[in-house]
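Below you'll find the structures, each written out as structure tokens.
Below, chain A partners chain B and then partners chain C, in two separate complexes.
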Partner chain A sequence: MNATPTLLELQHALRRALLEGGETAACAEVVADGIEPAQRLAVYRNGYASRLSAALRLCYPAVQRLVGEEFFDGAARVFAFERPPRAAWLDEYGAEFADFLAGFPPAASLAYLPDVARLEWAVNRALHAPEAEPLDVGRLLELNEVQRASVRFAPHPALGLLRTDCPADEIWRAVLARDDAALGAIDPAAGPAWLLVERRDGDASVSRMSEPAWRFAFELCAGRPLHEVLDAACGIEAHSLLAQHFTAGRFVAFTIEDKKVATETSP
Partner chain B sequence: MPRPAAAPPGRGPIPAHAGIGLRFRHHREVLESRPRIAWLEVHTENYMGGGAAPACLEALRRDYPVSLHGVGLSLGSAGGLDSIHLERVRRAVERFEPGLVSEHLSWSVAGGIYLADLLPLPLTEEALELVCRHVDQVQDVLARPILVENPSTYLQFRHSTIPEWEFLAALARRSGCGILCDVNNIYVSACNHGWDASAYLAALPATAIGEIHLAGHSVRTLEAGRRLRIDDHGSPVAPEVWALFREALERFGPVPTLIEWDTDVPPLEVLLEEAARAAVLLEELERSERYADAA
Partner chain C sequence: MNRTLLAASTLTSAIGLALAMQTAPAQAAEMKGEMKAPPIVKENMAKMQKEHLQKCFGINAVGKNDCAEGAHSCAGQATIARDPGSFVLLPAGDCSKIAGGSLKPA
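So, the complex of A and B:
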């Protein structure tokens, strides 16, 4: 670094010092005054990791109980340094934690852990997603039949659909209820679960679906045109499922021929 | 239902009384018991989404004046303000209509990474100009003045040329922002860097002080017995900080004063007791001012 770094240079050097630690270029810019610059920077480095670990603990309470506080904090700190946040809104931080756990060797023996983490992330989104007005179904009735067939829906921002390899929902419930008997009775190899996560009265609700019903909801939420999703649906009461989705307010808008028709997310 | 004491109706400006920082663990209790407290402050970043927390604040702001205290705008980032984050702040201000909006004299973002801390700036002309520009930008977008809080710091940069108190005074003068005087932070930084805390207070422009923060800190012993005070908001306000608060009130007059507690958040009553202590000092000051006026 030059004799006097610009603010931009200094901030990049500090960022490296915080994320990488040790003796870094930033040390040369810090007044020692009886304490090694590296030690002063370590206070900030530790603060960074502790704060993000605390933020992740709020998102992933079941994962934390499954692995214990100390293990969780260790994993969270590694995650924080490997995948730092991109925005100051920490509600958005931690989406990749499940993928990280899947590749985190110390957690390799807990094959179900990444699935539980994915479910907790969906729960977290359900809890904190922005408010949105449910779709006014009356708007659909104003369309002609051709238009209606081409409708693509936009899902509520709190809605999540996930497929887990293990019964992650049962594990999650038992862990949060501290029900060791129930937890002991779960067979992690019992096969996949198709889950729908949404906000109900301010709380997160997790429900199981059959595979075809889940696929139907998934394709609708992915924005595929209604007629395609209906054609592909087999073995389910598609129209009655569609009605349930409307009643539950799972869609907030629709488009026809790429033209947005209804409501948008409120602030 | 009991109403908060001596507070104007919600949405009003923040009164020169004692308030508390509202944290998630107290949401339900505050909603149900409506404690006697003059005002509430929250971290803006915790109320940017939807769901139960913002709904709780919506309900409480009908009865309590509310202040939004941000930790993520990164006013000191050389890379510029994050316009998406500023828009989130604007929406929160629009939604909750706070009596005060505040941020920090610090930075948190570099190269698109959020460093989850209020990091110290080198106190230079370059930094002063940049922070002034960013405060202007924020005040333009929010269409209102903000308060900027002095940070607690654990290091100083070799090339700093402006004392922190002069930096803040110049920032307030040039940008028209107010100062959120965190008395605990002054004490922490003064101890860490060998500054004179009373002289720091004396150098701040009294008319720019819009709010005071009080909180606890801890002492960490490093190698060779050197100690650093760490602003962790995890304990009661220290006796030395109460003494400095008295001094601040004598200099600034009655100012909205907040008790903050963020680590190991205690039962609500503990926070209310700390606020009551601040309230006593504020009331003493008001009485003595009335007495002085009458004399």
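So, the complex of A and C:
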């Protein structure tokens, strides 16, 4: 037998055993006491996939209902082995599930499924994002004209803006509410939806926006200066939309000319 | 300079409007078409917190490491991990309730 492996070597070997299964290097380090080492490791391999599948199930209830439990669990397991978590924090696990589903042949007949998954991830993010104090709008009054024109906003961490090819919001709501009539009335080919996901009173909320209003919000949240965003905007009541964003607490800070203003000067 | 003026005045009126809305009933700010998440979304979040799923999955109480949530018995089913390569399922859930939903393999 070789020298005792280091902890790191053991961890790498165990990782391989979890992801690949079968006879791996880790088997040599496992005591066969009534159960073969490979079988012993298979317990962990299954536990690994089961735990990740359980975590995904909590994130993606609508996807699960759409495809059924068995399919979901199977897909979650393939996902767990193909794209193992990169962080030990389970809240962050599953961000790539929508991408995975988009390239997962058994789910190819459900073109809307990746969009529903993306929406669920945004909802999940909205629920788990840290608290942040909304921007005090009154502070903007301290800016001069040039500063007002070039102001940039920082979005609330719970805020999500996504465009879906299908009415993912309708599908999501109907399937979670078990509203079969609504499900039957949905046309998956009805065209894109522009969605805003945020947290309100501790709950996730999904709103539909017009495309120009969504773009306006998207560019603002990307931190582009106001005059640039306004130049690109058309067909919107910019001041009214801005006021709505302020009132809903969708921005937490502002900067002018790359200098942080809102957070640095507050007590 | 016109652009600057326009942008500045847009912001100024937005600030005024926002400050006025803050004193008005909250409904004034509600967006059209807003949907609250169905209860299951919040229930699942509570479940995550209760079951400590948000914690590091690699660190687990001694003796609990072999079993996932008690759904499988360690000695039996758990060792027969489903082979992800043999995935032959078709979606079989509420997707069939959506018009035009096809369940044929692609």
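In this section, the second predicted complex is superposed on the first by the 259 of 267 C-alpha atoms of A that agree within 3 Å, B and C clash if a C-alpha of one lies under 4 Å from a C-alpha of the other, contacts with A are read in each partner's own complex, and residues count from 1 in each chain.
The working rule: a residue touches a chain if its C-beta (ideal position, glycine included) is under 8 Å from a C-beta of that chain, and two chains touch if they have at least 3 such contacts.
Predicted, not measured: the structure shown is a model, and the values here were computed from it.
> With both complexes overlaid on chain A, does A:18 touch chain B (first), chain C (second), both or neither?
Only chain B; A:18 stays clear of chain C.
> Is A:6 in contact with chain B, with chain C, with both, or with neither (first, second, both, neither)?
first
> Thinking of the overlay built on chain A, is A:169 touched by chain B (first), by chain C (second), by both, or by neither?
Second partner only, chain C.
> Touching A:184 in the superposition: chain B (first), chain C (second), both, neither?
Touch status of A:184: second partner only.
> Answer with first, second, both or neither: which of chain B and chain C does A:44 touch in the superposed model?
Both: A:44 reaches chain B and chain C.
> Which partner chains sit in contact with A:84 here, chain B, chain C, both or neither? Use first/second/both/neither.
A:84: touches chain B, not chain C.
> Of the two partners chain B and chain C, indicate the one touching more residues belonging to chain A.
Of chain B and chain C, the partner in contact with more residues of chain A is C.
> Would you please give the residues of chain A that touch chain B in one complex and also touch chain C in the other complex?
39, 43-44, 47, 51-52, 55, 85, 88-91, 127-128, 202-203
> Considering only the defined contacts, which chain B positions touch chain A in the complex?
Those in contact with chain A are residues 45, 48-53, 55, 71-74, 76-79, 82, 84-85, 88, 91, 94-95, 107-117, 119, 121-122, 124, 126-127, 130, 154-159, 193-194, 220, 222-224, 226, 228, 230.
> What residues on chain C touch chain A, complex-wise?
The touching residues are 3-8, 10-15, 17-19, 21-22, 29, 31-38, 40-42, 44-45, 47-48, 53-59, 65-69, 71-72, 74, 77-82, 84, 87-95, 97-106.
> In the complex of these two chains, what residues of chain A are touching chain C?
21, 39, 42-47, 49-52, 54-55, 58-59, 61, 64-72, 74-75, 77-78, 81-82, 85, 88-91, 105-110, 112-113, 123, 127-128, 137-138, 140-141, 145-146, 148-151, 169, 171, 173, 175-177, 180, 183-189, 196, 200, 202-209, 226-227, 230-231, 238-240, 242-244, 246-248
> Spell out the residues on chain A that touch chain B in their complex, using ranges where they run on.
Touching chain B from chain A are residues 4-8, 10-12, 14-15, 18-19, 29-31, 33-37, 39-41, 43-44, 47-48, 51-52, 55, 84-91, 127-132, 157-158, 199, 202-203, 267.
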